[in-house]
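Structures are listed in the sections that come next.
Both of the next two complexes hold chain A, though its partner changes from chain B to chain C.
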Partner chain A sequence: MEFDKDSLYKLGKLSKIQIDDSKLESLSSDLASIIKFIDRLKSIDTENVDPTSNSLDQSLVMREDIASDVNTADEILENAPQNELDFFSVPKVIE
Partner chain B sequence: MKINLNFIEACSLLEKNETTSVELTKIYLKNIKEAKELNCFNTISAEQALDDAEKSDIRRKQGKLKSRFDGIPIGVKDLFCTKNIKTTASSKILSNFIPSYESTVTQNCIDAGLISLGKLNCDEFAMGSTNKTSFYGPVTNPWKSNKSEAKLVPGGSSGGSAAAVAADLCVVSLGTDTGGSIRQPASFTGTVGLKPTYGRVSRWGIIAFASSLDQAGPITKTVEDAAALLEIIAGHDPKDSTSSIKEKESFLDNLNSSVKGIKIGIPKEFKSDGLPVSTQKAWDDCKKLLQSNGAELIDISLPHTMDALPTYYIIAPAEASSNLARYDGVRFGIREEGENLIEMYEKTRSIGFGDEVKRRILIGTYVLSSGYYDAYYIKAQKIRSLIKNDFNQAFEKVDAILTPSTPSTAFEIENEPNDPVQTYLNDVFTVPINLAGIPAISIPFTNDENNLPIGLQLITNSFEEQKLLNIAKNVQDTINYKSVPKNWWKS
Partner chain C sequence: MINGWELVIGIEIHAQIKSNSKLFSSSSTKFGSGPNSQVSLVDAAMPGMLPVINKFCVEQAVRSGIGLNAKINNKSIFDRKNYFYQDLPQGYQISQFKDPIVGNGFIEIDSEGQPKKIGIERLHLEQDAGKSLHDQDPKFTFVDLNRSGIALMEIVSMPDMKSADEAVEYVKKVRSILRYLDTCDGNMEQGSLRADVNVSVNKPGEALGTRCEIKNLNSFKYIHSAIIYEAKRQIKAIESGENIIQETRLYNIDTGETRSMRSKEDAHDYRYFPDPDLLPLVLEDNWIKKIKSSIPELPDKKKERFIKEYGLSEYDSSVIVSDKSTSDYFEKVVQDRNPKLVTTWVTSELFSILNKKNLSIDESPIPPNQLGDLIDYIDSGKISSRQAKDIFEEMCETGETAQNIINEKGLSQISDESELKKLVESVLSLNPENVEKYKNGKDKLFGFFVGEAMKLSKGKANPKILNELLKSKLNS
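Right after this comes the complex of A and B.
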């Protein structure tokens, strides 16, 4: 896999990360090196193997639904870069 | 007072009224102050620590101790959310984040009466094996080669946690391990590092990197200390749906160092021509030691060992790219203004994340993107099953597995290779364990020809931490490793 300018820009858009033009070359070679490394898995036969997403052999545990007063709106909003009227505030999204 | 106290010794001094929690806390705060050059701490919470220590001393006088470990000063990796204490994950993007809640692990420590001295430096979002990806600068290993003055990496990502214990800046510390982040730095600093079974310790309130692999664990001076700290932090947590419902165990009281009749597996895939002679020798010596103490050595095969690292570098970045999507400048952390919402996201993340974190988000996004998901992500999860199956089969024949912890000892900070894959190879011996979800411990065994610590790794089956600690104690008690770094950093 080659990471040219366009594919890096596309990946950046998907990841919401701006790709710095001065780092295009080094980023391209770093990512290509990592992809080459993980591509070695392609030769392994996994035809009849089930995927593992979690190593813990336990079904989900239910807990009592009890109200608690941690993480109140006031506490949470203290970490918000901008807030208004008990809401997080962001740049305008509707033209 | 004797320096370099371990957890059990410190508890005993408090119990005999030969010191107080305030006195201990002051000693460690002084040690921390004198060790600025090591850059172990991101945040030192001196006032809070002294206040907590004073309360512990009062509890002791009143006979109302929270636990037998009440009053011992510890260090906490800056990845655990701590109420009203800045928690950064060593990232710029969280440089102003002050949690309104306490992680379950640190709450368990508070409930046992432990005193937090502050937050320990680590690789940014725990992504790294050198501690060099921290926004707050690298941690320096207290150990130096006897042939050079060059500064060495402490390993990572829990580099600050390991270096702080090795340099005696706290009695014990908390780390996290996603692919070796406790065991590799423990190996590089001559300390004991334990990664528990996935689910043994709650992940609630720990800043997530790769949720199916992350586990918190202790970094300590002795195996007994690791048993004690594990006992404090482990247990079911209703707030973490992947935390195990198994009963809490008394790992410390149940320590039994006999290895008579214990079967130790030696996996042939870990043998490599690239392994330093001194590491190979340490591994061989440990085999002989266990054998002469009554254990039986059995050659085993873990055929997918070399597939673990590339598998990890699909699964971990994929989970990370998803977990780190929350850092968008809206709810917490820094914000960089933009013309519109999307530009605000992009600018915030571009300024807030360092290069290694960006690389992993990009790779994770790539392997999860349309057209590649099956070829990479599902494929990796299938190989994860094969890796887990290798261990399952091995544990039908053996009680534990013995390997080196790392393919080298600590290396120079300035000497990191340009190719990220070369750096990833540091974790080649530790990563398979996280993918299988089983517990493993790194213990210092000896020093190499440059007087740098060599760690060996013991691995057992899921939830067999007691057996793991028992065998580790046998090795520890037989070799009696007492090496400590020269304190060149004292200003």
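Right after this comes the complex of A and C.
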């Protein structure tokens, strides 16, 4: 399958990755070969096989509902590039 | 129907689970704490952090599913819903896509006096996002992650509603059920329960129209007016030859209008896939059974019981059971008392004072046992209904008990026959001319004698006994 330019731009946008025009060709052929591989997998008959969402034959372990706030706002904000009044401060986003 | 167009409405309700800690971390869920004070490294999506699911939240989802008459799935899967937004530090929301914890169900609503079934498509567990504040700074958006990771139940209805009224009834009913189950506090003002409404219009008998989704409505009033506005907007557009674009819209509470939220080129592609950090959630039948046996009486059943047990009217019963706190209050008062009197006092006097003071019944200035005492005084004839209303008002203002107010003011009604007889005699001897006229056939004067006797007793005479005594005395 071909991986066209528009799909590549869309994928870049969804992944928040800027795609350089000079890389378009090589990326497009790389992705095409990945898709080709997936298509090969798709040709396998899985009619009677349950979908595998996890390879371990186990189920979720649950924890009790006990609240404990071990972090302070200072610790949480420590790694933020910018903060103000105990908030993360990010470039203005308006819908 | 609006101008010959039919409405089709489906609703997604997001209900915060009433838990102590978050769905996948131990941070507190308390409302109103300082910004970013209830955020763990998991909630902040620090590298290497792993989610561990909260058993209580799973249990509440199962409880809610049972309350919605829905199928509980023994195996469900958590998926990642991928999108970038500043209040979602993971870059994805943990949700359930193909295999939700709860499947098909239904509830019954009241549609113009008739019961109507509304289908539930599913209920799934997911994380709430953080909160963005856009109005604190001209250049920056502030983000608070306290809400990030709180457990949400997303309840998806079938597109079974045909009017704004039905949509509101549906949300009211789901909210009521969740409050009875105590799985969500239902506080819409604080955002614990919010609705996304899908609206489309079509001509009767024709194919369904394209739907638009109005996001984040957090009051019954907004749900109602947003649907009406949106339906009219779509009708106007179609009638003037435009096509409806499937899109997400926002409701403006100030103007009552909806506006497009995202342009088409940003159409979402969430690329759901099973979260590799989380194994399948497997629930044993025995565990589900145990939860089933702990389900309390829900509003529909309670309504039937109140009608049967206390002889309430259909209407009174539905008013009282629509809110769990109200039904609890009512049942505390009604024990061993006259249900009719209790219903009247709760639904008229108490409701009107709560309305006036803008209080919920849990904040009632008069606790159930004290309202009960007051009603006992009325029922035994110690005070009249008129006096009771004054006492009731004073109880609200001062917090005093009915008994104290009655004693203090000497308000208690005179029901003692010998005392009332003396009263009657003095009224009659003070008005010999009117007695004469009455005996000559002027029946209307009876009211005059009652009034005089009341005046003389300072309003304390038991009207029923007074009437009887007057009648027998005058007619003898």
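Here is the rule we use: the second predicted complex is superposed on the first by the 90 of 95 C-alpha atoms of A that agree within 3 Å, B and C clash if a C-alpha of one lies under 4 Å from a C-alpha of the other, contacts with A are read in each partner's own complex, and residues count from 1 in each chain.
Convention: a residue touches a chain if its C-beta (ideal position, glycine included) is under 8 Å from a C-beta of that chain, and two chains touch if they have at least 3 such contacts.
Owing to the predicted nature of the structure, the values given are computational and were not obtained by experimental measurement.
Look at A:56: by the touch rule set out above, it reaches both chain B and chain C.
In the superposition on chain A, the chain among chain B and chain C reaching more residues of chain A is B. Applying the stated contact rule after C-alpha superposition, one finds that A:76 touches each of chain B and chain C.
In the superposed model, A:65 makes contact with chain C only, not with chain B.
Of the two partner chains, chain B is the only one that A:20 touches; chain C does not reach it.
By the document's definition of touching, of the two partners only chain C reaches A:87; chain B does not.
Put simply, chain A uses residues 14, 16, 53-54, 56, 58, 60-61, 63-64, 70-72, 76, 79, 82, 88, 90-93 to touch chain B in one complex and chain C in the other.
Within the complex formed with chain C, the chain A residues making contact are 10, 14, 16, 53-54, 56, 58-73, 76-77, 79, 82, 84-95. Within the complex formed with chain A, the chain C residues making contact are 19-21, 26-30, 34-41, 44, 46, 52-58, 77, 82, 84-86, 132-134, 136-145, 250, 261-262, 269, 271, 274, 276, 278-282. Chain B makes touch with chain A in their complex at residues 96-101, 198-199, 212, 236, 238, 241-242, 244-245, 304, 307, 309-311, 313-314, 321, 325, 328-335, 337-347, 349-350, 353, 355, 358-359, 361-363, 365-367, 369, 375-376, 378-386, 388, 419-421, 424, 435-438, 462. Here chain A touches chain B in the complex through residues 11-12, 14-18, 20, 23, 27, 30-31, 33-35, 37-42, 44, 46, 49-58, 60-61, 63-64, 70-72, 75-76, 78-82, 88, 90-93, going by the rule given at the top.
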